[in-house]
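Next come the structures, one after another.
You will see chain A twice below: alongside chain B first, and alongside chain C after that.
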Partner chain A sequence: MSLAEPAALPVATSAAPRWHVLKRFTGSVKASLPAYLLLLPSLVFLALFTYGAMGRVFIDALYQRATPKAPVSFVGLDNISAVLADPAFTGAVVNNLIYAIGTTVPSIALALLFALALARTHAVSSALRAALFLPVLIPMVAASALFMFIFLPNVGLLDYYIGRLLPVLPNWLGDPDVALYAIMVITIWKNAGYYMLFFLAGLQAVPEDVMEAAHLDGAGPYQRLRHIILPELKPTFLFVIVIATLNAVTQVDHVFVMTQGGPSNSTNLVLFYIYQQAVEHYDIGKASAATLLTLAALMGLTALSFRTMANREGGS
Partner chain B sequence: MLFSRRLMLGLAVIGTMAGALAVPAKAEGPTEIDLFFPVPVDGKLARDMGTMIKEFNETHPGVKATAVYTGSYDDTLIKTRAAIKAGKPPAAVIMSANFLLDMQIENELTNLDSLIASDGSTKEKFLSQFFPALHGNAVINRSVYGVPFHNSTPLLYINADKAKEAGLDPSKPPQTWAELTDWAKKLTKREGDKVTQWGIAIPCAYDYCGWMMETLTMSNGGRYYNEEFGGEVYYDTPSMLGALSWWNDLIYKHKVHTPGATPGPAVSTSFISGNAAMMMLSTGSLTYVRDNAKFNYKVAFIPRNVRNAVPIGGASLIMPAGLEAEKQKAAWTLIKWMTSPEKSGWWSRATGYFAPNVAAYKTPEMVEFLNKNPDAKTAVEQLDVAKPWFATYKTVPVRKNLEDEVMLVLNGKKQPKEALAAAQKAADETLKPYNAETSLKLP
Partner chain C sequence: MKLIDRLYREAPLATRNEITPKLGFLLTVLLAMVWLIPFLWMIVATLRPASDGINLMADLMPSLKPTLDNVRDAWEIGDFPRYTLNTTIICAGILLVQFVTITLAGFAFARLKFAGKTPIFYLFLMQLMLVPVLLIVPNLSLVAQLGLYDTLTGVMMPFFASAFGTFLMRQAFEAIPTELEDAALIDGASLLQRIRHIYVPLSMPSFSAFAIISVTSHWNDFLWPLMVINSPDKRPLTVGLSVFTKTAEGTQAWGTIAAGTLMVIGPLLVTFLIFQKRFISSFVTSGIK
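Right, the complex of A and B next:
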């Protein structure tokens, strides 16, 4: 509805005087009043628990205290510049970028592969789909606890098997060079099945007649994939990329459970940095400033992706 | 996202309804108080706590206490602070003993002196119930802010079967670092370059790592931090350099300790599975080892290089600031009851922590328990040489300043000397605001 209205309004202004617009507007409000009334309880809670909290973060980000016993005072953008100057924050951003790219690309590639392999529904593919979707059903905290034992140095499940092949066993979660990649493996394992669902849905939308025509024209499997399936899946891709990127920033339960950002900050991600500032340093100002920066980056990214998506859809 | 929002809405509705129901109930009947409690070790602690509070409510009709499980030690601090900020602090909290100083600096604790005085007792008399090693973390600026509830010290655990196999006598455990190094060498088994059995394992993950560094530093004659003032730590010192260098040597020179930072659960699993023949771990793990080890084991004091000394760990009962007088009184009754000799001893037997109340060890149940499980005695005996747990302004970040550098050393990425210099610099920076208004605030 909100998408349709702005498109309709300019047409109306060019065709009729101003009061007409107003009338139309009040008319539409009158018509949708019951809808708004029905939405009111949800809106109240949304305002209280989502936008209220966001507003509070915005205010908190502008205040700071100089010494522990001093009262909080208005400091403007000082908190934001303090966060940007903090090497722990820049470290967390770099880690998060590696983590985002290193988890979205493989998990989306795997998801597409699974979806293509299991697109046709029969008993075996249903069973395999269920198996691949299973990790999604396990809560991240439970999965992390399981993986902690899989990754145990020397005695864990992984070392039990790999130990026969490698002379020196890596300390999966205890080595700053390895820990982030160990964390990434869990994310890929956990999310690939989820993204597979979107691709499966996307594949249903590939027109059957086009595929048949291509078949008759002698297009091979690769050509069909390259020229028909992938272009048809473009909106799905965009959507999954946005979801995966948001997940890479917001789903860090395994960092809390398994490494606490360590060793030596090697698995510290942005959200965990915010948690550390708020809880360990008890520095609400800096935590709020870091939250604002993250929020701004995420909103920018989402807006950009959806605009590209809208453009492409408009073009086709 | 959608689900969590719905969940939040549901919780909000339930919360308002519960609040509406609770308010009229409060006006009559017993004083209702909440006790926040963490479960820092695995096991059935939550159920034991339920049993304990049920018994309290049955014997104290004037008070109705509710035990609220609040996660780990860190989570408990977060939730307590959130409750204080919301203006609804819990009446009592079982708080990690080294968070007390930081909370006191933030004005978040109730001073217990007046409550002790109202009982007709004195501070000295009240504190004398507890082992002297525990006073340091309960008393700040000569006022009592916490009552020790369950405590621990680090211990050396030895796989006695493997020691005998290697021709060592487990009844004479290593007493010095030199002897321990020797034992660890004899207990390490190799096939070519590959180690199939490690001599010793020492945990290093956030929290545990700082505690182990304090253990080794104190055994090496050091102090780690200024016990009298929350604005100083002693990281770049000979005593800590010796401690970290020895740990480093165990890994890279003697090759008897697995490289990298190993968290506590990995260390205990490694010991239980026979992959590590010795380990340094908290007394809190004793019950776990007793229940799971399929071999004979032995516990001993942490060996010394300069002197025998270890830090305590564990938690104290505290009262947040800003409580109504009536709730304060009810919470005080609960705290005194929970830390009495009988309850203290019961909790110790259920959990594996030692009982902070000295008199608990004179109760008949405890005497019988110790006769049956003589290994539980070692931790209590070691209390004679125990010292307070490090506590500074911003304890956790200051500790992390050290741990991040220690982890680099254990991974072979830095040398002990430069790592400690970097840790000292970072910690001084973290402590700066506090020093600015205390030690460096000059007339």
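Right, the complex of A and C next:
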């Protein structure tokens, strides 16, 4: 594979009269050669594991085996329609939407509260920041191991301490109506401290003199938040929302460890569905179709958020 | 309340008597304590003797007769030294290759002019969105085709290129004055020599920020190694811990689970507490890992 190949390709098809164009092009390619060589290692891995992977998802989604041992045959959009018709998939999408909203909103709200309360740096606030940040560092699997006991019926931490307050306790991870919310608690606990960091950084950009002017004008804490701080934090919000949404799709290790999507599929999320199709049912066609749909949804969302961000910057 | 007043003594005069910020602060203190409860339970339960019985397992008051039995049991049931070694190899391997790829690519974007710079830049940018974990299915089949199924190299490979690292290094290299490079150029230093002896030594803070992000995120990876690794002796810590938890859960050995979890996250927590400032500023730059 030659380095200059992708850049030179369109030139190769152009005819002789455009000779000078070709010359200029090869000249610039030659001048660019060192840069291409430096980029080559990264581009190889991007090609294999990002763009090549996307291409393979696209192709794999179009093929299917009639029986587990039969050769693959082209089935067009059958996999996509099979996935869309699968109640397990639509259920996982609905669960994932609930999960995304139910984790993003509270963790961002908490992150903002933490950042506002701890913006002033002193020994106490540094210690509190560290405490709130600890869950971010640990593997989701370790968090799951701890919360498995917290949610344990009867003898678990939660039942041990709040059992005296409530007459009837739900089986936190065993009740299909409750399990998804229990899972969300872990995510909120784990991520709020991460998003706090971005709000802390964002708060430093709030101009000191504007705040002072607000003090002089007698603006109360709520007014300062509403009219000065929140508008200033808009880019931070947008950025954190994108990350939190990505996390809601990708960071689902606790489902693997704690519930396996159960009870009765109530905690099945999209990535777990993909995993099940690929690893447990060996159905690469359906797994790829589900991956494709997820990628499309996420990219649409990202494009939308970037457009909003660009519009905002252009407007101000 | 006196204590809180002291914390606010440097706040602007006009706001010093406001009650809302203080209530917010109190709420945060309360929540920070709640946030620490799982860690507190982990430590207390690790040291609790089995004779306390299952009914006292949740008690956050430490036992008066602390024991290391749970740590010993966890050590014997799980193969933690092996898991730790595997995770260390994975993290170190990824980081070493990433250092090379992001230095070279970062330099190209920071200092060189070349045809197609903008489209190639966007190719990198897009990778931030196309999170590798979403592409587990096609990447698993590729790793299998390359003959790397059930190998640590297979676990590492998808992460060898890092768009985030490339952008970080580009930013660091752009901040270095070109005069330094010009001087080396006059002395006849080659491109790679200039990168090696001028750019890299001057960008150490960025390298360490990137190292922190890279190592913590791959230390915590679970799904991808779970799919690639099959043999028990190649499991990284996360996969090992999940298997260990499954085994110990069956016997209701919660003290052992707490001890195992402590062994897995202990090193991370200690490192964080030592290099707290470094960690926090690195994570702020990370955004998307």
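Please note the rule applied: the second predicted complex is superposed on the first by the 279 of 316 C-alpha atoms of A that agree within 3 Å, B and C clash if a C-alpha of one lies under 4 Å from a C-alpha of the other, contacts with A are read in each partner's own complex, and residues count from 1 in each chain.
To be clear about the criterion, a residue touches a chain if its C-beta (ideal position, glycine included) is under 8 Å from a C-beta of that chain, and two chains touch if they have at least 3 such contacts.
Because the structure is predicted, anything quoted here is derived from the model rather than measured.
For the composite obtained by superposing both complexes on chain A, the positions of chain B and chain C are in clash. In the superposition on chain A, contact of A:R226 is made with neither chain B nor chain C. Of the two partner chains placed by superposition, only chain C is touched by A:S288; chain B is not. Shared-chain residue A:T302: touches chain C; no touch with chain B. When the two complexes are overlaid on their common chain A, residue A:T50 makes contact with chain B and with chain C alike. Within the superposed three-chain model, A:H20 lies out of touch with both chain B and chain C [touch as defined at top]. Of the two partner chains, chain B and chain C are each touched by A:M148. The partner of chain A that touches more of its residues, comparing chain B with chain C, is C.
When both complexes are overlaid on chain A, the residue A:Q260 reaches chain B alone and has no touch with chain C.
In the superposition on chain A, A:V279 contacts both chain B and chain C. Once the complexes are superposed on chain A, the part of chain C occupying the same space as chain B corresponds, among 134-142, 152-160, 188-196 or 260-268, to 152-160. The interface of chain A with chain B overlaps its interface with chain C at residues 42, 45-46, 48-50, 148-149, 152, 155, 279.
Interface residues of chain A, counted against chain C in their complex, comprise 6-7, 25, 28-29, 31-32, 34-36, 38-39, 41-46, 48-54, 56-57, 60, 110, 113-114, 116-118, 120, 122, 124-126, 128-150, 152, 155-157, 159-161, 189, 193-194, 197-198, 200-201, 211-212, 215-216, 218, 220-222, 239, 243, 246, 249-250, 252-253, 256-257, 271, 274-275, 278-279, 284, 287-288, 291, 294-295, 298-299, 302.
Only residues 7-8, 10-15, 18, 20-21, 24-25, 27-29, 31-33, 35-39, 41-42, 45, 54-55, 57-60, 100-102, 104-105, 107-108, 112-117, 120, 123-124, 126-127, 129-142, 157-158, 160-163, 166, 191, 216, 219-220, 222-223, 226-227, 237-239, 241-242, 245, 249, 254, 257-258, 260-261, 264-265, 268-269, 272-273, 276, 279-280, 283-284, 287-288 of chain C touch chain A when the two sit together in their complex.
Partner chain B is touched in their complex by these residues of chain A: 42, 45-46, 48-50, 66-70, 148-149, 152-155, 167-168, 171, 173-177, 260-265, 276, 279-282. Listed in rising order, the residues of chain B touching chain A in the complex are 5, 8-9, 12, 74, 77-78, 81, 102, 105-107, 193-194, 198, 204-206, 258-263, 265-266, 269-270, 273, 275, 393-394, 396-397, 400, 403-405, 407-408, 410-411, 413, 433-434, 436-437.
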